[in-house]
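In order of appearance the chains are A, B, C, D and E, and numbering begins at 1 in each one.
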Amino acid sequence: MKKIIKQRSRKTGLPPGSLVHIGEQTGEPVRISLVDYDETSISERETDDIAECFPHSDQPGVRWLDMEGIHRPELLKTLGECYGIHPLTLEDILNTDQRPKLEDFDDYLFVVLKMLSLQPDGSLTAEQVSFVLGPSFLISFQEGFKGDLFDSIRRRLRENRGKLRKSGSDFLLYSLMDAIVDYYFVILEDLAERIEELEEEVIAGPSRKTVVKIQHLKRETIFLRKSVWPLREVLGRLERRESPLVRGETVIYLRDVYDHCIQIIETVETFRDLLSEILDIYLSAIGNRTNEVMKVLTIIATIFMPLTFIAGVYGMNFRYMPELEWHWGYPAVLLLMLLVSLGMGIFFRRKRWL
Amino acid sequence: MKKIIKQRSRKTGLPPGSLVHIGEQTGEPVRISLVDYDETSISERETDDIAECFPHSDQPGVRWLDMEGIHRPELLKTLGECYGIHPLTLEDILNTDQRPKLEDFDDYLFVVLKMLSLQPDGSLTAEQVSFVLGPSFLISFQEGFKGDLFDSIRRRLRENRGKLRKSGSDFLLYSLMDAIVDYYFVILEDLAERIEELEEEVIAGPSRKTVVKIQHLKRETIFLRKSVWPLREVLGRLERRESPLVRGETVIYLRDVYDHCIQIIETVETFRDLLSEILDIYLSAIGNRTNEVMKVLTIIATIFMPLTFIAGVYGMNFRYMPELEWHWGYPAVLLLMLLVSLGMGIFFRRKRWL
Amino acid sequence: MKKIIKQRSRKTGLPPGSLVHIGEQTGEPVRISLVDYDETSISERETDDIAECFPHSDQPGVRWLDMEGIHRPELLKTLGECYGIHPLTLEDILNTDQRPKLEDFDDYLFVVLKMLSLQPDGSLTAEQVSFVLGPSFLISFQEGFKGDLFDSIRRRLRENRGKLRKSGSDFLLYSLMDAIVDYYFVILEDLAERIEELEEEVIAGPSRKTVVKIQHLKRETIFLRKSVWPLREVLGRLERRESPLVRGETVIYLRDVYDHCIQIIETVETFRDLLSEILDIYLSAIGNRTNEVMKVLTIIATIFMPLTFIAGVYGMNFRYMPELEWHWGYPAVLLLMLLVSLGMGIFFRRKRWL
Amino acid sequence: MKKIIKQRSRKTGLPPGSLVHIGEQTGEPVRISLVDYDETSISERETDDIAECFPHSDQPGVRWLDMEGIHRPELLKTLGECYGIHPLTLEDILNTDQRPKLEDFDDYLFVVLKMLSLQPDGSLTAEQVSFVLGPSFLISFQEGFKGDLFDSIRRRLRENRGKLRKSGSDFLLYSLMDAIVDYYFVILEDLAERIEELEEEVIAGPSRKTVVKIQHLKRETIFLRKSVWPLREVLGRLERRESPLVRGETVIYLRDVYDHCIQIIETVETFRDLLSEILDIYLSAIGNRTNEVMKVLTIIATIFMPLTFIAGVYGMNFRYMPELEWHWGYPAVLLLMLLVSLGMGIFFRRKRWL
Amino acid sequence: MKKIIKQRSRKTGLPPGSLVHIGEQTGEPVRISLVDYDETSISERETDDIAECFPHSDQPGVRWLDMEGIHRPELLKTLGECYGIHPLTLEDILNTDQRPKLEDFDDYLFVVLKMLSLQPDGSLTAEQVSFVLGPSFLISFQEGFKGDLFDSIRRRLRENRGKLRKSGSDFLLYSLMDAIVDYYFVILEDLAERIEELEEEVIAGPSRKTVVKIQHLKRETIFLRKSVWPLREVLGRLERRESPLVRGETVIYLRDVYDHCIQIIETVETFRDLLSEILDIYLSAIGNRTNEVMKVLTIIATIFMPLTFIAGVYGMNFRYMPELEWHWGYPAVLLLMLLVSLGMGIFFRRKRWL
């Protein structure tokens, strides 16, 4: 449930813009990585001194400031003041249960995304990534250390591959968003595999836990959906170039991520359809099974009840029961029982129960 | 049911603008609290004399008039006359089963909200809060005394924290609405907890009352939804600044509440999905259980019916039954019975019922 | 079913504008009531002579012509001619299975509404009310005599209460529509009560008729919905002042009825949700019950089948059955039976069936 | 199934505009009827010579050319050439599984409708009717001979009733469409009757075939819906006067057909709701029945199993069973059995099963 | 599952525009076919040398370059460079799990479609077809060799049938799209046939595999739907002539394909409805069957349990049982048993179980 709703209640009653970190507290230190680059040069630094991060207005090129760990509001506040970030933006960065959104503050664009990751036990967790895009800088905020995705971008910067170094801060934002969205496909593949396994299980013979598994996967898709649907809107608005901070040559790339996003949404919807189908198969399997159990019971009862009755009749102690005295009485009764059984068998075969 | 529909029928046939209080009648007196403030000074008064509440046109700053208890229509009428409030607005304030809405009367904005609260027995109740926002005043009307939420705003006013004292009446309206919306998160957390408990109950082993509990929670979410959906529209229209009474610098804050509202709506929708899932698990659990009961019955019947039949056969009183005379007849029959039971056991194991 | 579809087929093949009354034929006479009023004077008349109803162009003030009973097409035709009403409008007035609609014929507005009423047996019936709104007149057409609702308006006119006498024909239209919409709340309250009763019935213990009752109520809500949804559109268009016949000061009142209409729609939707829930509870109650019946059967069978078997064994007539000769054989067997029963009892308790 | 999809595959691979008739081949000849009329005169002819149908540009008034039978593409081609009809239009006339649509080819409007008819066995069939509306002519194409509907229009033309002769070709188109739409009401009445019968059947006691009947009716409504939904769009566009071929005075009549169309759609949707309800009642009836069967079984088993057990006990052959020797043993046991039965009876009455 | 999601994860981390083929690797060589044509002349060539495909700017007429097999990214890259195709377009051509889309790159239009084909085992597979439409050229990319559909267009080009040779590259694009969409009807017919078979199977008597078959067909319709829905948007945008590359005279033809597309969508939706219905019939058939099994069991048990009990009573060994001594005791008991059976029979007939 924690995935769906986080403890916000302790913020109730505080004035707007109060910087309170909402989310899991990790003991890890805050790590700030700073990259300044233009087409010809690049400098990388890692620091935990916030003073080094102040903007140098005379410097050309693009600055990327990546902050990993947001549990120290005072750092954020200092940073916010020197880059001119609105207190409400800072508050949103700290409230890690935001839904993905895009806000235009004229001086900068504020983008919130969800970075999903697969836990070893197969469940999904989401981490909030926030971006502040200025004309010549990009600040990214992550809850914890999730180096892999962003490292590939860092490598591309260093090696000067592709258009990255030649373009502005908006292309850097695009590249980071693209990396995040691309990772969603990995998650989709994992989900697809588990749905397929589940389907085979249901057709082979479902157990009691199957329905719980179906619901688990359903919940993962709901969770995924909640992250992706608003993302679509964010990307749509970026692509429509509502802000001058997004340059014309980047739009064509944003359209590409937008297409990926639509594709993810459609796949998630297909997953939902598939899971409903699997539930249907499961329920009809249970119905079929009850039916079969009933049939066995009915066949047994229908055969043995008349037989037992016949045996009971000849177990009565009446003084005058002529059949009991007959020499062939016993075999005759056994024959009668056989005939009754056969009659029942024929009846069941006609009903197609055997 | 009273939550869903209130007794309006006694208003049928009255001309529009008739001031009839619709809602529960409480015996409590009407309490009016008056706060006049600007950046430098603040004066607070509590009164029950309506004359003290008349506007002083020469006074600068913002006046906040908070009326707790609306069951005396004549007070409302007087107040309405001196602040120029339209009779239909007054009627709406008294009809406490309004849906949240925003109406623009040029001179003032009329906003109706629902303040939800958790009852000790876990059910939700809604109270109507109405706001009349003028250029330099805000009048708030509450059904009963719900001091907690608004007290935090009063404290902020007194202590001159945040932007509140420096801004106009629209910012005060925003702050009050923000307080109300923030409290919705508390309710969501409570609901989330109860849904989680219910889910564990269903998986552990549902009882007869489970379905009633599920429906109870479903109803709470329907109720919550009815309060939040129209709120979204209200906030959306405020944020779009359709009225000059809402200043530019407040819009960014209204957007923030709007985002919270969207988040609440999405969580409520997720709750609905979860409750449907829980109902599905519950229903499939019942199906499974019937199945299991059937299996036990079938196993018992299938084993003992043939045995009883065999015993019945040898309980018959035919004169000529050779087996009865055999020395080992009895043990042989017991052995036969054992073999029949084993055969059935093997059959059930193959069917995977054991 | 008659509520859903009326006999229109006999109109097939007639040219447009043919005046054929579609609806139930009542033997009652047509009653025309005529009210001419302005701020200072009012004159009321009741007549069945259509000639008295001709418009006097020189007369100031507003004329309200209320026609009860529309089964005499020739009267309608005469009236239509002198007030300049289009044949298609007259046709629509006679076709009493119209859906609520608003049509703008430049010279006049044509409004069709449904007036709902509760029958003694609890079912709903709808009657069509049509309005023709001209600059200084309003003609209302009703299927039968439903005096109560409109009488309150007549009284208000006579007593010169509210704004009614001071305003134009559009305000009269508003007042009549408001009276009709207000009556919907009475119906909602009745429905709410019946839903509540049904809910209690379902939880206490549903009978066979419960599902029929649920469907009955469902149908009433469908019926209500069909009347209210298009009404919303009619009111919305009136409020948007698409026609100059609706004056500015009336709009604020129309907005009020519109709000009521939305509220009715939302309540109806909630009713639908509640009825679905009740059906769910009902179905799961049936499932639970079957389950319980099964359990009782299984418990009885599982206890008595082994016992009967044991008794059967010692009822066999083998010559050599040593147990039969034992002195304590009988009590020992009784003890054995007791132990078997206890064992079963423990088994059931573990399975939580007892 | 043929109703849902027709053999189009043999058209695969042909260039656009290829005239291949798609639909059932009837042996009937093609019948062309020609009506030229204006306010004062009318001439009717029936012909199978296509040359007579060529337009006489000097003739005033309106020409209506009605072609019954479209299985001779070469006739269509000739006709198309002299009236300037686009090959794609001709292709669409021949493809009789078109959905209703309106196409504006500047010189003419092309309208496709579905004419529904009730088969003697109660199923619906649809026939495509296409119209080509020019400034002074209207060409209608029907698959087979369906004289009744159009004959009423012909009679009106001859008898010069209504506005028909005084108006242009667009009014003729309206009249024909109105006739077709009016006939839908006949079908709705038939469906309503069958749904009502079905409902009574389900409440009285459903048989195995009931579910098949429900699905049959569901399919008819789906079929009807597929014909009516796009019709609404066609009429909406005509009414909005997108083409100059539709004159102002006709619009008011088109609005009338549009209203009828909306009403049909709503009724069809209500039918769908009703059929779902009936299915629900049916399913819950089956559930109830299983329940009842179970109860009878359980009551019988629960009463007789203990009795049979008691009888079995006293049928045991132990040498030392004191009860057997008692004089009143037999009546005592009978009494015991009676008491056990009564006890069970009380138990069932408490459970409300009796 | 592979149909729903393809292995994209190995693209994660690559910069945008990286050319990696996503899809099944076939060993077949890449085949390029080149057609240059205008109204008077046509030249066809087949080549695997990419150099031959370079555009000759001086040549009039239209060039159609059809590339079958896209697993050699380097060929694509060369081609892309000489025709000025954006790297993102090339990437999309290689990612064969794109959804159908239309992108306008000013110089050219990029269209992605899905070409569906029926596998021998009845399942559907989709292959991506991409088009790059320039002012005087059209390049088509296919995953594998699917000659049939496009061959009919080639033949039409050669034989100069229809408008194809007289029109531009946009008409060629239309013709190819029309061929693809037309083939969808073949698939619909196949599906319709299988649904019909399934329906008959369900009504005749469903087996365990029926539900799996239903789900299989459901999945095919989901699959089909995913291909057709976005196609509708593509065609809609083409028809609206958003790009100057689409000429006015082609629009009327595009509207025709668009209509076909809508028709396919509606048929697919109808299929979904039909499959839901079939599932409903199936489920109610299972319910009915359980019911019937229960009835047989109950009838047998209810008849034989009392009889066996009576036999048991007279099998008791009490010394003093007067009936046992009666001469007519045995026949009397048999008569009693007969009466009990008849009574039960009458009871069942009343309950309508026999």
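Going forward, a residue touches a chain if its C-beta (ideal position, glycine included) is under 8 Å from a C-beta of that chain, and two chains touch if they have at least 3 such contacts.
Note that this is a predicted model, so its numbers are computed, not measured.
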Practice prompt. Mind listing the chains that sit against subunit A and also against subunit E?
Written response: none
Worksheet item: Hey, how far is the Cα centre of subunit B from the one of subunit E, in Å?
Response: 43
Worksheet item: CA centre of subunit A versus CA centre of subunit B: separation in Å?
Response: 26
Worksheet item: When you check subunit E against every other chain, which residues touch at least two of them?
Response: 287, 290, 294, 297, 301, 305, 308, 312, 315-317, 321
Worksheet item: Quick one: ring order starting at subunit C, direction subunit D?
Response: C, D, E, A, B
Worksheet item: Which bits of subunit D are touching subunit C when the two form their complex?
Response: 152, 156, 161-164, 175, 178-179, 182-183, 185-186, 188-189, 192-193, 195-196, 203, 252-253, 255-256, 259, 262-263, 266-267, 270, 273-274, 277, 280-281, 284-285, 287-288, 290-291, 294-295, 297-298, 301-302, 305-306, 308-309, 312-313, 315-321, 351-353
Worksheet, complete the sentence: subunit C residues touching subunit D in their complex are 1, 4-5, 7-9, 11-13, 15-17, 86, 88, 91-92, 97-99, 101, 103, 105, 205, 208, 211-212, 215, 218-219, 222, 226, 279, 282-283, 286-287, 289-290, 293-294, 296-297, 300-301, 304-305, 307-308, 311-312, 314-317, 321, 323-330, 333-334
